[in-house]
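The following blocks contain the structures, represented as structure tokens.
Across the two complexes that follow, subunit A remains constant while its partner is subunit B and subsequently subunit C.
Our next item is the complex of A and B:
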């Protein structure tokens, strides 16, 4: 199995190289000149040219690419043109925020989606299934940014129950940095007040982000459980009178989990995408808002760094999904 | 779980969520929560955005500063300028202290201007072409002399762009020839009324400032001792945060809907100040069919200005007749703006046709991604030009892309909507950099307009120091330019800012948009 992991990790390298190459080409295919931004509104053409030369934007693309890759190889993501800070520092500051949000949303989606999917399958084509189907289709159809704004209006404005934006209330200092996820760090520091505040901030964006994957997980679980229910062994177990809960929980659900688990893996990647919008609405200082910022300011190296990091996460999740498959289904383990 | 346990859990969850947050060290009426957004950089010599300007005017001092529209001495006590307009001598105030404790001297001013010019970034733009590093010198502890390469009338107006940094402190962080760019971007080397907390700054996220009680100008009786600057990108979220009291002020770009919502709220008010941010549709005068004056005039008559301003923008902006903001000197008071008049537009188009202009190809218009105003105006333009038989394709992209496209005659859009903001308050900021042909190759010069008479007038105006003579030149140039119709000048912005009623002393300025925390106090 460790051989499998090593092989998969090595295979990820050319994929990531391809990703960087493609992103690099795409960025340079559209017009966009960081020198023009740095030089500002008042600049003369000469000043813009001087900045271009200073940063090497005037060099051939191939040369810029080679320079970028060798910089990556030496372990540096580069310096942001706009903030003059190390991009790695900025990403380390922001990545935990995105992880906190996406993990919370996925936990929510899984913890609710799978049981609802099972219930839906068990009562299939009865009224409960219809109700859940309407809810799940609604969840898929709803625009997450609209839902996010409606949640803000309802729970922050009208009911005044939850905060509107950000990760912590004004004036609170985050707990000492351990994982960077405030909810966890505050517990480790024994600061229940911070935990409460951070958790309250997490609920609305987490829920807004969770709705679409929740619906997907529910639909996939339902389909998988339904097809398992039609298997002969289930028919047999039913016939001999296995208790319903044991039948569903132990024999049916476990045999149906491969599809939802694959989905959860893929959704974790997709959710990083929708997090861009949700982060913007709730001012969640994560990678998504950083990506938007870097694109809007033509901060190439920062954009490339975000793409690279998300690519790495995606690759890791894919490996992890395979491992979870193996844990769920021993037959797959033998093939690894 | 039994029902009792469920209720208990819900109750606990309720107390967790419902309990209030803790207060910080200062009193509530000493802490201002400013929602305009944290700066990208604290470096006063790379300032680009309004949020950067907010950081600069509070952390740093300048020789002169803007008080509303007026230039007033700040750490300079005054200046003299030679008759040829080349040699500028500034006398400095004595006893001004940096946050580090050392005294601000002429050496720091010289170093700051040299650093600015050496780094060549945005605020260097007005100085770079006319001032060489070696021509900046300290005559003594409190006198600085700068000798320009050629006369440049807006020189003094541009002086507030340059924050004065603590030379000794900055030099201690220099490595190689980097001007300590990384260090200054995240740290405070200033002498302004506020200082940046070392760990309180995360670019475009948060910024925490505390007051500098030793500042040389007075604070109000109850000064603001701490400012938390937060970034709220979505206008709706920002308006909600203001209404909930989480922030005391919004930015000035939150849009008519949010303003209307704020107006209905309790404990909040809206300030409205006419700014100097003009909204323009620039046409590429070098590319057919826009190289024909009748064709450009046809477009100028075909846009429904009133509909845009009064219906789509609900009267939250004012019509601007020409290249210069209508509230600035140099804009002729009798200048007649183009009006929406389809008959005239058709007549002009007919004249263009007689000139042999071929306007069968679709025209493209660009706006900024995610910017409502440019979408509205692009759609309006599209529907306004349809009766003339002109097809318009709508496109959008981010500012950096548009800026570099617009800088090149062959890639510049046929037409694009954009704003021109006040970097400094002088007509040359608008008319000079947009319609003097020596600025072809910058996004501001993207009309690629060339009129030798206008060039002569603008180049004469830029070297004269007599304001009245300059006014006459700019007024004449404005009339000529409007007659040539190289662009559509649509509106001058009014800046609306939602404020909590507890904020006193807020004073707007077109430069820095009024985020001068030293002048403010909180009533509760």
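Our next item is the complex of A and C:
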């Protein structure tokens, strides 16, 4: 098992290398001169040229790439051109906010999506199933940025129930940094008032982010449960009188988990992408808004760093998904 | 058998499936009786409705099935009057045990065999075994000893894929009798196993059934097996019971042309393996009159227009065939 994890981690390295290469090429393929942006509107061509030489933007792309990769290999994500701070520091400051938001959204999506999927399958082709399926198609079709703005409109501006943006209300100081996720840190510090406030801030962006994956998880769960229900062993379990709730909630559910778990893993990666938009709308100080900022300012080392981090998270999630599969199915465990 | 008080009595049971072209009658006037402690062989080709009948007794008819008439009396109660929840709680496993066709497919692959068998006992163990998990475990260990599973203690903790087919089917037998049912339905319990294992499994089933005075309905297409293990035989063809007789009539006394052909299909008797020309008619296209007519070597004109009535030849022998009725073949039934 630990051998399996090591092997998978090693296999992730070439994939991440490919990711960096691709992003590097794309960044250099789109127009935009970091030196010009850095120098500002008033700069003379000589100043821009000086900056270009200082950062090595005038070197051949291959040389720049090699230099970047060797810098990565030495363990540094580089320095932001804009703020002159270590990019790793900036990312560590922002990552917990994104994790808090995406984990909340995925927990919501899973906790609601799986039961709804099971219910939908159980009432296969009856009215409840149809209603749930129509709602889930709506959830997939809806644009998350539109939903986010509508939620802000309704629940913050009209009804004044929930905060419009940010992670904490004005005037509150965040709890001592432990995980960086305010909801968790506030509980660890025993500050229920902070927890309530931070949680209220999470609800709207979390829900806006959760709707699409919720619909996906529900649909995959429904399909998986339907295929499990056709299995011979489910017939046997009914024939020997397992009570309905035990049958559905324990046996059928567990047999149906492999596909949804895979989907949840993939969605966790995808949701980091949608978080870019949601974070921008809710002014959420996470990785997504950092990525937007870095692209807008042609701070390409920062952009690369975000892509790399997201790639690493993705790779880790995939290994985690395999481990969860092994936990669900003893036959897979034997193969690890 | 004591005709006065059978354990199970299926009388004129008729069942139809909804198809695109309307209702198709799959079981049509099935009559069947099983006395306490009796082993009944239910014989016929694939597609003649044996499995459907077994499933109907358990109340597990597929979606779209409709009972057209008749009764399934078990212990003085018409099972057709009971709803799914009651059948599941009061009848299955506790009073009617079930041994499935394919043990590989009928154990849930994700759960230890012990926990699956204990789940049955948890809901259906009779009071004399006790309510506690340890009592159930003790009973299971004893049964596993009886069905000759080596090292029962560790076997309970193993997963289905760690057993051979024969072992799995022996576990199924243990599971079927664990809650001391009055009747066990064995749906072609050996068709997924190899020939040498078949004999062991059936010998074991017979031994345990006799010992516990449990009645068994052994569904099979193999008349040879029936000859070895069954007290009585009912032959089904195309959804109808065509002949019923006791074990002692088995070799020489059978009268229905279909039964005789089935006997000839056995290579031990005929020397060479012979088949029956033609196939069982599809449920949507049943011939009028006697359903075996189109394939029957002794077919009479009346066979294509009128269904033969059940005729008692002896106290232990009834048959539905115009040709057997002999001199009365030409006689028009009173109600026609």
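Throughout what follows, the second predicted complex is superposed on the first by the 336 of 336 C-alpha atoms of A that agree within 3 Å, B and C clash if a C-alpha of one lies under 4 Å from a C-alpha of the other, contacts with A are read in each partner's own complex, and residues count from 1 in each chain.
Operating definition for what follows: a contact is a pair of C-beta atoms (placed from the backbone, for glycine too) under 8 Å apart; a residue touches a chain by one contact, two chains touch by 3 or more.
Everything numeric in this text was worked out from a predicted model, so none of it was measured.
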Check: Clash or fit: subunit B and subunit C on subunit A?
Finding: fit
Check: What's your read, subunit B or subunit C touching more residues of subunit A?
Finding: B
Margin query: Tell me the angle subtended at the Cα centre of subunit A by the Cα centres of subunit B and subunit C, rounded to the nearest 10 °.
Written below: 160
Next item on the list: For A:60, decide between first (touching subunit B), second (touching subunit C), both and neither.
Entry: neither
Note to self: According to the stated criteria, A:282 is in contact with first (subunit B), second (subunit C), both, or neither; which is it?
What the structure shows: first
Notebook entry, point to check: Between subunit B (first) and subunit C (second), which does A:241 come into contact with in this model arrangement: first, second, both, or neither?
Noted result: second
Next item on the list: Check whether A:190 is in contact with subunit B, with subunit C, with both or with neither, and answer first, second, both or neither.
Entry: neither
Next item on the list: Pick one for A:14: touches subunit B only (first), subunit C only (second), both, or neither.
Entry: neither
Margin query: Which partner chains sit in contact with A:254 here, subunit B, subunit C, both or neither? Use first/second/both/neither.
Written below: second
Item checked: Lowest C-alpha to C-alpha distance for subunit C against subunit B (Å) -> 24
Notebook entry, point to check: Which positions of subunit A sit in both the subunit B and the subunit C interface?
Noted result: none
Next item on the list: Provide the residue numbers of subunit B that touch subunit A in the complex, in ascending order.
Entry: 16-19, 21-24, 31, 33, 40-41, 43, 46, 48, 120-126, 128-129, 181-182, 185-186, 202-205, 228, 230-234, 236-237, 240-241, 243-244, 246-247, 369, 397-401, 403-405, 407, 411, 420-421, 423, 429, 433, 439-444
Item checked: Parts of subunit C lying in touch with subunit A, wherever the complex brings them together -> 55, 58, 60, 85, 87-89, 91-94, 97-98, 100, 102, 105-111, 119-120, 123-124, 159, 161, 175-176
Margin query: Quick check on the complex: what are the subunit A residues that touch subunit B?
Written below: 30-34, 36-48, 50-51, 54, 79, 82-86, 90, 93, 149, 152-153, 156-157, 160-166, 168-172, 193, 196-197, 199-200, 203, 280-283, 285, 289, 293, 295-298
Margin query: Can you tell me which positions in subunit A touch subunit C when the two form their complex?
Written below: 231-233, 235-244, 246, 251, 254-255, 328-331
